[in-house]
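Each of the next two complexes has subunit A plus one more chain, namely subunit B in the first and subunit C in the second.
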Partner chain A sequence: MYDAPSLEKTVDQKSTKIAAKDVQVYYGNTHAIKDVNVDLLDKTVTAFIGPSGCGKSTFLRCLNRMNDTIDVCRVEGDILLDGEDIYDKRVDPVQLRAKVGMVFQKPNPFPKSIYDNVAYGPRIHGLARNKAELDEIVEKSLRRGAIWDEVKDRLDAPGTGLSGGQQQRLCIARAVATEPEVLLMDEPCSALDPIATAQVEELIDELREQYSVVIVTHSMQQAARVSQKTAFFHLGNLVEYGDTTQIFTNPVDPRTESYITGRIG
Partner chain B sequence: MTDFTSSPTGANGRRRGGSLLELDARTKRRNASEARFRLMGVIAVSIGVIALIGLLSSILMNGASSFRQTYITLNVFLDPAKLDKAGDGDLEKIAKVTTFGYAPLIQKAMEAAIKENGAAVDGLNAKKAAELISKEAPADLRRFVLANPDKIGETVEFSLLAAGRIDGYFKGRVTMESAQLDRNISPEQLMLADKLKQAGVLQIKFNWAFFTAPDASDTRPEAAGLGVAILGSIYMMLIVLCLSLPLGVAASIYLEEFAPQNRWTDLIEVNISNLAAVPSIVFGILGLAIFINIAGLPQSAPVVGGLVLTLMTLPTIIIATRAALKAVPPSIRDAALGIGASKMQSVFHHVLPLAMPGILTGTIIGLAQALGETAPLLLIGMVAFVREYPASPPEGFFDPASALPVQVYNWTTRGDPAFVERASGAIIVLLVFLVIMNIAAIMLRRRFERRW
Partner chain C sequence: MSAGILSLIVIGLGVLGYFLGRGRALSLATATGRKLHSLPGYYGQSVALFTAVPALLLMAAWLFLQPVLIDSRVNAMIPDSVIPEGGARSLVMADVRRIADGLDAMMADGGISENELDQMRADITNIRSRLANVGVALGSDVPVAVFDAAKEMRQSSKTGALAMTIAVLVLTLGAGGWTLMRINTDLRARNISENFVKALLIGASLVAILTTVGIVSSLLFETINFFKIYPAKDFFFSTVWNPQFRGGSDLGILPLLWGTFYVSLVALLVAVPVGLMIAIYLAEYASKHVRSVAKPAIEVLAGIPTIVYGLFALITVGPFLRDYIAEPLGLGSSSSSVLTAGLVMGIMLIPFVSSLSDDIINAVPQSMRDGSYGLGATQSETIKQVVLPAALPGVVGAVLLAASRAIGETMIVVMGAGAAAKLGLNPFEAMTTVTVKIVSQLTGDTEFASPETLVAFALGLTLFVFTLGLNILALYIVRKYREQYE
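Our next item is the complex of A and B:
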């Protein structure tokens, strides 16, 4: 039914990168996320699936405190990154976001050159001491974003002039340029055609070697293809979390089964 | 309306199976109403265009002549017996000779010129003939002598202003018939002017003095210029730009990006919007009360005008800047925050450059508005008669000056019809400044937008 390469799905003992404990999120009076407990593993792709409005994007944005920009949003509970509470008063969200990078649903390159797009992060975080080092970081990131060969001759061209798929890979390159430890992806392929999607998925699989990747997706096929762990959200609850193979072939909760077989959602 | 409820052959409804080549009644009515609407639109646009053309052409027809001016070229003998009685070249003594001392020199030079060119007119004595020259001319002569005292005793060629009525004669404002009824000019004088023109003594030249000379008194419209007004307007615009752009942009960025969304912010927002609609004369009263009466700044000074106009321009700039900031897609902010930029970095590195074209346009529109503003300046005394040029900045900001729109207003209140021409000319200058500013706005916007 799904083209999940089930051989690879065995998750061995990997360390927990992010641990969420009793996380509640409120938008004003709306209780958007209820009692979410989840351990996200290092060097693993975790997929969040669920119907629209179930809170998976909201939860994802909690992981690098992007919800801070929304005034009415309130987060309770603990989210630990390598054992440190990211909502601790002493934590500066700017430092956190350098460690936990994010790729958005719509490709959003800066209206600057391709080079400047990738170099921006390293520049503001002071990762390069000189131009040569910066050049190196840019090339490495673009290679890791699987877009180097397409843009190496026109690094001065505007990033917004690329095609949708290229833009999204540029955004991924931009995110990895700051050398994060976790990469959050909010429906990164929803604006892309199947070919670009395939390229991005391939890229996600490669990124797994170095990062903990969390991907929100509406496509269950995509979740099955790229992830090793899957979390199913429904109406703000984390209904089920487990190995992707198990979720898709032998779900425990009846709601999960209804969703993946297309009866709800 | 679905096919289930409408009868298939309704009189007005869509006929089932009707030919596509015939228009049914309903379609005809729809098309007719669309045609009516388009016609009304065309009429509305035409009325606007006609009004604009009428306005511009009337200003141009009245004002274009103010860029030409009649001059009479005379060889004036700077008589040492009159100007430097002691003969020791002492500047202080020379300065004691008033303009009355210079008038006879001009009269003599005029007599000589008439004799030389055989332009004498019957019944016109030397004094009347000298009235062809502006009353401003002796003052010009005196200024020249005080600047060049070594020229005393020589004969120097001067291009002297012709009197306002003579100037008006060559611009069609004064005729032989009107001269008959005019106390200030006689037909004989006009005849003399004609003869002098033929002889080449009297010429019509481009009026540079209109842009450089200060204002002149009611009886000397020919000498009135915009120099002080242009300087005053430039000084005020400098002050407005230097104060309102940073203040306005900083306020907008804070309100738009950093301020918490609460009742206070809402209150401030509403007040800023309302401030933009406050009549400008109210700002004038405010300026009079606060800047002049309380702060004790001098009257008629560009600094006060600039401060008042800054207050007026701020809301415009804030509203335009906030709209420009709002128009920047939130995905750009997310992108910057997502790779660990601080709020300020995301604003200054990404949002502000993208909003720049909008901010600049808003600023220049605000400045243009301020440039044309008259009412508040009347209240702070900029309507005063100022003949002294303000000094160069920054001291000049505190010197009395005039402003372009106020100068227009000032001239239209004067009796001599020559001032109508001057006022229209000043409006043309003002319009040219506005056009230049708007072109600058467009060019700046293009420049910034070209960066994809």
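Our next item is the complex of A and C:
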């Protein structure tokens, strides 16, 4: 299992954004996440890799308490965001999710105009005092989502009318519009073609300057391309966590090695 | 041979055809050493379908047409002289039919033989008493022409039935045999049986469409008759509804349309908000357990007959509204009122709105909700801004469906709102609707060809046009919304 202190040395100057301690997740009687300890760094892209069903999405959803929406799901252990326990009774999960945004596997634009999709979060959280400010936020977010040029002439068109890749970038723009501190992405490219994937990856790289990004991916190449840190999950355990280059060139655990070389998963 | 036995035989032959077809395909395949184009079962299916379906269709058509043709022929045999004073031809025809049945019953009893029947003459034999023996009571002695007509009817029915049996069996064997002969290894049996099924499906949809056309055209026909004897301008624009038994009626539709609209509006004002709130609660907030109890409990409301709702309106809601609201406020003293009918009808409509909307809200993909929660929205924000807009077309459909029900509802209105056609705004006054008046005009004592009766058809057609318009509107809204968001 990964040993935290040794890592601090390799990625210095970056502070810990999210710290997970002894996290267990149960779906009813299924023990989906077992004893996970991990420190996710600020302004860093962390990739979660591992075979299907190993609990990547489950763990990701713990980080913004999306699991609260699933009745049978139970989370134990501590998850600290900037040193504060997000599962503390005083924490409002709704507030938390504004800080820890999420982009899903399947693009899920709302049945609203492109503008309203992006303005959704800012409106709910009262981020804009007037229409001009809101316009500004929408434009900035769409630019950051690398989709502004494609949609600037049709902000009133429905978001659902865009192509799959555009929809996903719209969803990313929607997520960044609420000014989150952490952005969670669950296989954001699995429904996209290579060109759209490349655009999203480029985007992720840019987002790193401001956010801590956690991305679940099935593509080893993608993990290698976009992330600085990689966590390998297997059967609900966090098997190995370290610098992406180290994980891919010199994995410590034999399970990591066999996954990366294509022998399991 | 009776139609039931005949259809059993046809179906039996169809089943036999299946095995013959399958067997033949298999043996051909072994004999020629070539691969079958389709699975053996498809060859059997093709034979079975061709054996049974055309024959059954022929039989259905025959059973439908034969009585019509025989009736018209027999009808021509009855001279006007035997039609009693003040009676109608249709009554005599009914007698003819009963006598023919009675003769059949006599034969079945073994009372007489076919030959004896041929000899039997109405003016000699006492037909009336003999028929009475087999349970066919006639009002008077049977005139010769009527008896002959009855014998003719019996005879033609028998001939017709025989001809039908032969034709159906020939078609069964012919079509089945022909298909069986066509079987070879290259025959695309799979495509044939699929096309056949497709044709059946198209046929089924045609039945629905043709029925609608039939209903509309019968309405239209009588409506045209009505407008021949009553000016259309008065019907559509007069504000008075005052039918008289002896002519000179005012038959303006406006008070009735207003009543329909008013009562439906009240009903929807009750049903839509309550139904929607129930749906939202059940779909979004209720736990599985609550849902499994509450949903069926609410749907029980939909199973209550409208007459029971009517009673509820008549004996509970009406007097309550009168005693506690209308009279103290000086708004009226009638227990029948728009509000009574509207409220009770609204309660009746709640399960329609709630059940349909609940299904629709449940069908909104979870990913939409996740997307909203993921942005830090609360549950109610998510419902208001994401789930409901996504469910809107379906909800609009549900509401319009409820509106059609409200417009077509009769019983609750009769018992709750009364039968007084009035144009007024006071919801505590009695008013009435189009459907109520259709019933009362058709069940009145007036002659069928009078405007007072025929107006019912014009009312019916107007109602039909309204609900059709409502449905088209619903489709339009739903489609427009779909185009935008799918």
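Structure notes:
Methods note: the second predicted complex is superposed on the first by the 253 of 265 C-alpha atoms of A that agree within 3 Å, B and C clash if a C-alpha of one lies under 4 Å from a C-alpha of the other, contacts with A are read in each partner's own complex, and residues count from 1 in each chain.
Basically, a contact is a pair of C-beta atoms (placed from the backbone, for glycine too) under 8 Å apart; a residue touches a chain by one contact, two chains touch by 3 or more.
Quantities reported herein were computed from a predicted structural model and do not represent experimental measurements.
Overlap between subunit B and subunit C is detected when the two structures are superposed via subunit A.
By the touch criterion stated above, A:158 is placed in contact with subunit B and with subunit C alike. Contacts of A:227 after superposition: neither subunit B nor subunit C is touched. Contact with neither subunit B nor subunit C is seen for A:197 once the two complexes are overlaid on the shared chain. Contacts of A:44 after superposition on the shared chain: neither subunit B nor subunit C is touched.
Of the two partner chains, neither subunit B nor subunit C is touched by A:212. Shared-chain residue A:94: touches subunit B and subunit C both. Once chain A of one complex is fitted onto chain A of the other, the partner contacts of A:66 extend to both subunit B and subunit C.
When both complexes are aligned on chain A, the segment of subunit C among 27-35, 63-71, 99-107 or 153-161 whose C-alpha atoms clash with subunit B is 27-35.
Across the superposed pair, subunit B and subunit C both touch subunit A at residues 64, 66, 69, 71, 94-98, 101-104, 106, 108-111, 120-121, 124-125, 158, 160-161, 171, 174-175, 178. In the complex of the two chains, the subunit A residues touching subunit C come out as 64, 66, 69, 71, 94-99, 101-104, 106, 108-112, 120-121, 124-125, 158, 160-161, 171, 174-175, 178. By the touch rule above, subunit C contacts subunit A in their complex via residues 288, 365, 367-378, 381, 385-386, 389-390, 484-486. Listed in rising order, the residues of subunit A touching subunit B in the complex are 64, 66, 69, 71, 94-98, 101-104, 106, 108-111, 120-121, 124-125, 158, 160-161, 171, 174-175, 177-178.
In the complex of the two chains, the subunit B residues touching subunit A come out as 260-261, 329, 331-342, 345, 349-350, 354, 451-452.
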